[in-house]
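Each of the next two complexes has chain A plus one other chain: chain B in the first, chain C in the second.
So, the complex of A and B:
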């Protein structure tokens, strides 16, 4: 039986959503400073307007909805989903005012694509976008990749353990350290230290590619945010192909891989447990699927004769596969080529890689290697049960930080979420078919949006039908939050309409 | 017996081991190593496939 939410429930959800909106307003000050320094005064006005509005609304929510009531699981989940719905509304304002987006829906799409680290873009004339607006696109990926809520947890740490539910709702289940705040700070520490190392490496390689030092730093910082947060936006419309540099691509590969690794695994590596790389169920699953899929991909490319040189084939196919599997979305070839020049097998592999995604608890999206690994382990256990004598006790274990016993509940939960993912991918694909697009294009773009990969075959463009834009926005959010938080928000809406007082 | 206050003997090596940059370096090297191993394995696969086709 559903109970209609009362004023107390709305106050709680509104209060914490207000904190998130306030945080977005503060974050907008970064590109505003850049606009001021570079003399981009029109964009400065847009950012100041957006920041003022967000800070005003955030503070008003805090003033008028202040409550000392504890946050429950359902409140936390609904807050996360509501925050992710309204944050792009505010973040999209400077984008809309920049003149590069045809409508507010396009700006909202771009903001959601940024926060959810998708990488699909509806920007017109991206190559002539001002540096401050382009920085804001990438900064959204950095904030969204760590998790908007993680940002809030770090800034408003005084709220303490009560906001632990918010962390869980953002698709992050595992607490790396015993305390949620300490976990959030560890995630930030990893991101910031890797940002220093990664941006420096990219800066040097971009200068080697021919960019001036200031330009290389700007592109390096943006590319780092796009790669480490598995975002996929790029400062130029031709993505990484713009730089025509093998060195830049080689530097980006480990950064994308680091983004696909869970923060729990980063923690293990940081404390010197390198054996975790070999023993962890997720690294094993991803390594195996990478090798199998790469083999299928090069067979496909070999049959179609796309590349005549093995080095060039290796360079492009491996980069694209890592980008798809970590759900980053950076590319070294024009997206349309996947369907015009790469035959059938190679794009099918890319769709599968995007669908599988990175590790649970990382910035990557998709089904996640943990779930795939658990289901495969469960399958092996069932096969062994059939083959062994009936009274034999079959026990299966897996390694994730420590050796754990595989239970039926874990396998069932993983299979249920897998099913939800498949419905999400195929649902979006079916709607694409309804609008007259070919199956290959519709499924590719739907999977790219839902899995947060963002590789595109060119279907997402400013003149795309608006209902499809709305569908992709919904897919991006549902995929990033991994269903439960969105279901909780829908449950609240249903309770408002049909709940008992 | 003269009073001898406790003195913490911290070597440069210990300081480096406690620094977050030590962890970060270990982390990024491990990630780069993993990427490199997979890249080499994929390179061998590409070579074999190219020989077949």
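So, the complex of A and C:
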């Protein structure tokens, strides 16, 4: 029997959603300062307006819905889903006011793409966009990549351990440290350390590429946020190809890879357990899939005759593959040329890499290496069972921070989520087909949106049909939150409508 | 649902409906504010050239089909005649134009990247490059950017004064040179320019302050400040 929510349920969800909206408002002050410094006054007023409205709503929720009731799992999940629905609306206000988005839906799409670290864009004339608005696009990736909730946990953490449910609702299954607040702060520490190192390295490499120091710093900071948070936005419309620099690409590769690593793995490395890199089921799975897919890609590009120089082929195919597998979406090749010059095998590999994605508990999207690894381990165990005598006991283990026993429940759960991912990918692809796009294009873009990869063959563009924009927005959010939080919110709506008590 | 059913008093559906409408009203007002305060919807006065609109559903208009695995690529055709091209032509038919002399015109955007081998520039030939002008000068939406990377000999860059960007319309340059699907430098789909001619000078873009937005922002700041103060006072009393 469904129980209709009571006042406490609404208060709790509204209260914590308000905190998230407040956090978004505070974050908008960063590009506002940049707009002030650079004299981008219309954008300054846009950011101040957006920040004020978000702070107004956030504090109103604090004032009228303040509660000391404990959060339950369903509250946490519903709060996360509601926050992710509402936050892009506020974050999209300065985008709409920037004059580069043809409708509020486009601005909402862009904000969702930023927060969910997708990288697909509907910006018109990006190359003339103001620096403060462009910074806001990248900052949204940084905030969303760490997890909007993590931002709130760290800055406004008065609720203590009760808000752990919010953390898990954002697709983060594993607490790295016993206390969720400490976990959140660890994630921030990792991100900030990488930010200093990564931005510095990019700054130097971009100056080497020919940018002036100030421009290199601006581009470097934005590129870092796009790469580490596996986002995929870039300051220029031609993405990384703009810089025409192998060095910049070389610097970006480890940053994207670090973004694809789980924060649990970062923690293991932080405490000096470097062997985790070799033993962890996810690093093994990703290493194996990278190896196989890179080989297939090279064969595909070789057979298509796309590149005649092996070094050049390695450079572009490896960058594109890492970008796809970590679900970043930065590119060194014009997206149209995946269709007109790369044959079909190499783009198919990119779609597969995007679909598989990075590690669970990282900023990356997709099915995740953990699930793929568990399913493969389960398959190996079943094959061994068939080959061994009937009374033999077959035990399979995997390593993730510690050695763990593989259970049927884990394999079943991984397979179920895998199935949901496939439905999400193909569902978006089918709707693309309905609008007359070729299968290859529709599936590529649907996978890019759902997996948070953001590589594009050009289907997502400002004059895309609005229902498809809505579909991609839904895919981005469902993919980023990994289904369950969205199901929880839908469950609340169903309970309101159908609940009897 | 609540962690405990003790004292569970479901909210009446009518009140839930009213609450939902209030929430939608609040969110809707953010959208309305965005629509009311956005830049005036000014047209650039240039007709929309539908054929140039990129649509991935359109048949690729190319003398040769896209290369496929196991098929020989056709040898380069006439490499002596110079052909006028757009960035769409080059990306749609990279094999056909590979190694050909091309004439291409576009706005310099981003930055001039000086190297030992020359200067890399991005030349955009999209709707915002010439007649229409950059979007900040009007609000005539014509989609995303499109352009090609060009390697210019350093001596040819002296004529470029303005590079297009946030507050600047860049110079428009017409170049002639060789298009390389894969350049010897390792870059993809670029033109190695041999000649370059400035065809239009750039200019600073003006974005006059929108006073109605400024007033709205000031009012919003005051309301937000008031709410923060009220919340702090109540929180202390609690």
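Everything that follows uses one rule, which is that the second predicted complex is superposed on the first by the 501 of 501 C-alpha atoms of A that agree within 3 Å, B and C clash if a C-alpha of one lies under 4 Å from a C-alpha of the other, contacts with A are read in each partner's own complex, and residues count from 1 in each chain.
Definition applied: contacts are C-beta pairs under 8 Å (C-beta built on N, C-alpha and C of every residue); 3 or more make two chains touch, one makes a residue touch a chain.
Everything numeric in this text was worked out from a predicted model, so none of it was measured.
> Residues of chain A touched: more by chain B or chain C?
Higher number of touched chain A residues: C.
> What is the contact status of A:274 with respect to chain B (first) and chain C (second): first, second, both, or neither?
The answer is first: A:274 touches chain B but not chain C.
> Touching A:258 in the superposition: chain B (first), chain C (second), both, neither?
A:258: touches chain B, not chain C.
> Could you tell me if A:127 is touching chain B, chain C, both of them or neither one (first, second, both, neither)?
second
> Give one of first, second, both or neither to describe whether A:96 is in contact with chain B, with chain C, with both, or with none.
A:96: touches chain C, not chain B.
> After lining up the shared chain so the two structures overlap, which partner does A:303 touch, if you call chain B first and chain C second: first, second, both or neither?
both
> Counting only touches as set out at the top, which of chain B and chain C does A:465 meet: first, second, both, neither?
neither
> What part of chain A is shared between its chain B contacts and its chain C contacts?
303, 305
> Within their complex, state which residues of chain B touch chain A.
20-21, 23-28, 30-35, 38-39, 41-43, 45-47, 49-50, 52-53
> Which of the residues in chain A end up touching chain B in this complex?
Contacts found on chain A: 189-190, 193-194, 197, 253-254, 257-258, 261, 266, 269-272, 274, 277, 283, 287, 290-291, 294-295, 298-299, 302-303, 305, 310, 313-314, 317-318, 321-322.
> Okay, in this complex, where on chain C does chain A touch?
The contact residues of chain C facing chain A are 1-3, 5, 8-11, 13, 16, 19, 26-27, 30-31, 33-35, 37-39, 53-54, 56-57, 60, 62, 66-73, 91-95, 109-115, 119-120, 122, 124, 126, 128, 134-136, 139, 141-147, 149, 164-167, 169, 181-182, 185-190, 205, 207, 209-210, 213-214, 216-217, 220-221, 223-224, 227-228, 230-231, 234-235, 238.
> Enumerate the contact residues on chain A facing chain C in the complex.
Against chain C, the touching part of chain A is residues 3-10, 25, 38, 40-42, 45-46, 48-49, 51-53, 55-57, 59-60, 62-63, 66, 69-70, 72, 74, 86, 89-90, 92-93, 96-97, 99-100, 102, 104, 107, 121, 123-131, 134, 209-212, 215, 236-238, 241-246, 300, 303-309, 311-312, 315-316, 332-334, 336-337, 339-341, 343-345, 436-438, 441, 457-459, 461-463, 495-496, 499, 501.
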